[in-house]
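Same chain, two partners: chain A is paired with chain B first, then with chain C.
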Partner chain A sequence: MATNSGAQRHRLLNFLATVIVISSGLVTLIGLLSDDGSTAADTARFLIQLVTVIAAVAVLAGLVNLVAVHLGRFVRAERGWPYSVLVLVVALVVGVLRILDRAEVWSGDLEGEQISVRVFESVQVSLESALAALLVFFLVFAAYRLMRDRVTVWNALFSLTVIVVLVGWVPFEDMDVLRDVRDWVVRVPASAGMRGLLIGVGLGTLTVGVRVLIGQDRSFRD
Partner chain B sequence: MNNTELTWVLLAVALAQTLAARILWRRARLYHRPIAAYRVLPEQAADAVESSNRIHFSLGSSALGASSSLSALAAAEVVYRLSERLAVSRQTPLVTLSQPLTLPLAQDTLRRAYEFRQNMAHYRSSAAAWYPQGARSLSFAAGAASLAADADVHSSVLLGRFGVEMALLGESALRHDQGLIAHSDLPEGQAVAFVQADEALLGEELYVAAAYLNGSPLERGGVVALDVLRWLVILGIIVAAVQAAV
Partner chain C sequence: MTPDTLDLIAGWASLVLTLLVFSYLLGDNVLYRIAVHVLVGVAAGYIAVVALESVLVPWLNDTLLADQGARSDATMVALRVIGAVPLLFGALLLFKLSPRLAPVGNLGLAAVIGIGTAVAVVGAVAGTVIPLAREAGEAVGDSALDGIVIVVGTVTTLAYFQYWAVERGGEIRAPRLFRPLGAVGRLFVMVALGALYAGAIVTSITIFGDVIDAQIRFILDRVGG
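Here is the complex of A and B:
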């Protein structure tokens, strides 16, 4: 008996979730495709604002998750736990610095400074820039590995294009032909391929969108 | 035809084709072109269960409530279909992401898979891990790669929205002898996926995952709808090009 009522409640919740998702989706879609100032457009804007507010709250949930994941790794002494301790300590220090910034406690040379922003810029941005500089080596090595593992027409074409584009950037004299080829590669096939991919992604999102709008997406149902 | 009318027409075509293909599916077996990644993914899940290792899923910066909402939903569908198979093992799959709004989706996806297998004892909500996204998403990639490197991961499956930071995740996966399946809805990430991954999903292939991984007739109908739309766009481009040339 209890199982039956549980299953019924479950079905009812699924039904309600499906109704809310379909109606919200349709109202937002109609609103986004309506003229500005219409009731439908205003309703859509309200729903999108709701998402923005929820997104702000979700950052807090993310922070709690970050602390829980790394605290768990530290407590269970999982491999790499010292890095988790580092993450937790840095998160705590930056949080405290931000609170002190807001309380305007700094004096002397530091008066009016935003130390948390300065820490962020000097550590985070520098590290990200260093990692970004490494990416080109990863990609060139990946192209080499691609050719080593399996030589196909497409892989050969890819590697050849990488070489032409990279050499085309070298500022040597008498390299006009390569520079022209590089420009053509970037302007014509690369641009066409990029548009093709984006059109494909657009069509893919359309078919998933239709599935959501007719209540067939599983993510909001049990 | 303005943008609004075009959107309605495309939606109507997609809906009509999905429903038509669903009905046709009962009478005749419709052909789907093979996609290598969807052949490999179930095999990797089976290997992970047998070797008692984990699979690392990453949704990148796919975010609910943003332009990548449907990428997040499509990627979550893949996570669900494979987690259903992985949920028989004691090793919970690892899901990393950089958008806090996607975190509940990832946690709920894993929970549903474990509930389906009636193995909630091994479900941990901390198996979905959020890493903040820096200016170039590289801090997320560094954090997620390091977590996956320490977690006895058998394969990394990167799906959703990634830029060039995917190279960092991919390099780490390859260095640790992990299998790598990758996709991005951004061209930069897609290029990296093509070079680094054992099997890459290209463009729209992510959105038909449900059909290829034990999909329902309606989901298989979605593949037909996508093919019809693709051919309509190709025809449209050819007609426009011929008109411009004449």
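Here is the complex of A and C:
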């Protein structure tokens, strides 16, 4: 009996979720296709703003989960717990610095300084740049392994294109033909392939979107 | 402490963190993991700050915490109800953490999916499919041969990614017409991915050069070079 009522409750909640998806989706779609300034367009803009706020709440919920996971690792002294402490301390420092910036506590030469922004620029930008710089080694190694492990027509074509485009970037003297070949490869066949891929992605998005909006795709309930 | 001292500290921090990341070239090690966890910590703190300062606080100030001013009581009630709606939907997402209560959490997710899907559909059609199809068609006007290659490349790439299949002799295969078209499309896909890959290599080489240049300049400034 209890199982039956539980199943009924689940069905009702899933039905409500489907109704919310279809109604909010259709109202937004109509609004986005309406003229600026119309009621429908204003409603769509308002709904998008609602989603932005929901997404911000979701981000905070995700951060709460991150903190809970790392606190758990620390409390249980699991393997790698010092790294968890590092994550928590650094996140806390950034938050506290931002609060101090907002409270304008800095005085003397530091008056008006945004120290949290400086920390972000020196730490985040440095780390991301270093990671992006590191990528070059792995990209080159992956291309080498592609040809070493299995040579096929398609792998060879891929590698040949990589080489042609890279060589075209090198400023050789009196070798404009290499640059011209690179320009043509990028402008014609590569751009045709990219257009095909992007149009495919667009059509795929459209198909899935329509399925969701007419209630055919309800995988979000899983 | 002066802003110059802050710059100096930031410079040393940047140098040390860059070296920690580059230590990965010797293999996964403690120094690299420290750098990555610092990255996660800073990103988490910064994302929380941005979400609060740029989205949630302005929203709360404009709705739930708004001053009445010349507004009527009914308007204020409506404003506060509207202000609470996204917070309620956001709070519902927390139910997704429990398998038993997940269907309640789906209600919060439903609004995001419905509105997000509508935005994605309009964006895909107006921002991707129509402009790209038009550009592919217009390319014929610039240079006939190049234009034909672009149109053929675009169409065959799309043909390569179709999933119609027919059963023949117990075997499921692509229809006969699509096999050669798909092969030509695959050629264009490989060239496109190769060009993108080369672009990624060039970009990372440029970043590598910039990072090394910035750090060497910092060291030379310190030693007076």
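By our rule, the second predicted complex is superposed on the first by the 212 of 222 C-alpha atoms of A that agree within 3 Å, B and C clash if a C-alpha of one lies under 4 Å from a C-alpha of the other, contacts with A are read in each partner's own complex, and residues count from 1 in each chain.
Rule of thumb we're sticking to: a contact is a pair of C-beta atoms (placed from the backbone, for glycine too) under 8 Å apart; a residue touches a chain by one contact, two chains touch by 3 or more.
Predicted model only: the values in this text are computed from it and were never measured.
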Partner chain in contact with A:L88 - chain B first, chain C second, else both or neither: second
Contacts of A:V75 with chain B and chain C, given as first, second, both or neither: neither
Partner chain in contact with A:I54 - chain B first, chain C second, else both or neither: both
Which superposed partner A:D109 touches (first chain B, second chain C, both, neither): second
Touched partner set for A:V151, first chain B, second chain C, both or neither: neither
Between chain B and chain C, more extensive residue contact with chain A: C
Partner chain(s) touched by A:G209 [first = chain B, second = chain C, both, neither]: both
Contact residues common to both interfaces of chain A (with chain B and with chain C): 29, 33, 48, 51-52, 54-55, 58-59, 61, 65-66, 80, 83, 87, 124-125, 127-128, 131-132, 134-135, 139, 143, 158, 193-194, 196-201, 203, 205-206, 208-210, 212-213
Touching residues (chain side chain A, partner chain C) in the complex: 9-10, 13-14, 16-18, 20-26, 28-29, 32-33, 44, 47-48, 50-61, 63, 65-67, 80, 83-84, 86-95, 98, 108-110, 113, 115-116, 118-137, 139-140, 143, 154, 157-166, 169, 184-203, 205-206, 208-210, 212-213, 220-221
Chain B-touching residues of chain A, taken from the complex the two chains share: 29, 33, 48, 51-52, 54-55, 58-59, 61-62, 65-66, 68-69, 72-73, 78-80, 83, 87, 124-125, 127-128, 131-132, 134-135, 138-139, 141-143, 145-146, 158, 193-194, 196-201, 203-214, 216-219, 222
Parts of chain C lying in touch with chain A, wherever the complex brings them together: 1-3, 6, 9-11, 13-14, 17-18, 21-22, 24-25, 33-35, 37-49, 51-53, 55-56, 59, 85-87, 89-91, 93-94, 97, 103-104, 106-125, 128-129, 132-133, 135-136, 146, 149-158, 160-161, 185-205, 207-208, 210-212
Chain A contact footprint on chain B (complex, rising order): 4, 7-8, 10-11, 14-15, 18, 63-65, 70-71, 73-74, 76-77, 80, 100-101, 103-105, 108-109, 112, 115, 125-126, 128-132, 134-136, 138-139, 141-143, 146-147, 149-151, 164-165, 167-168, 170-171, 174, 185, 187, 190, 192, 194-196, 202-208, 210, 216, 218-219, 222, 225-226, 229-230, 233
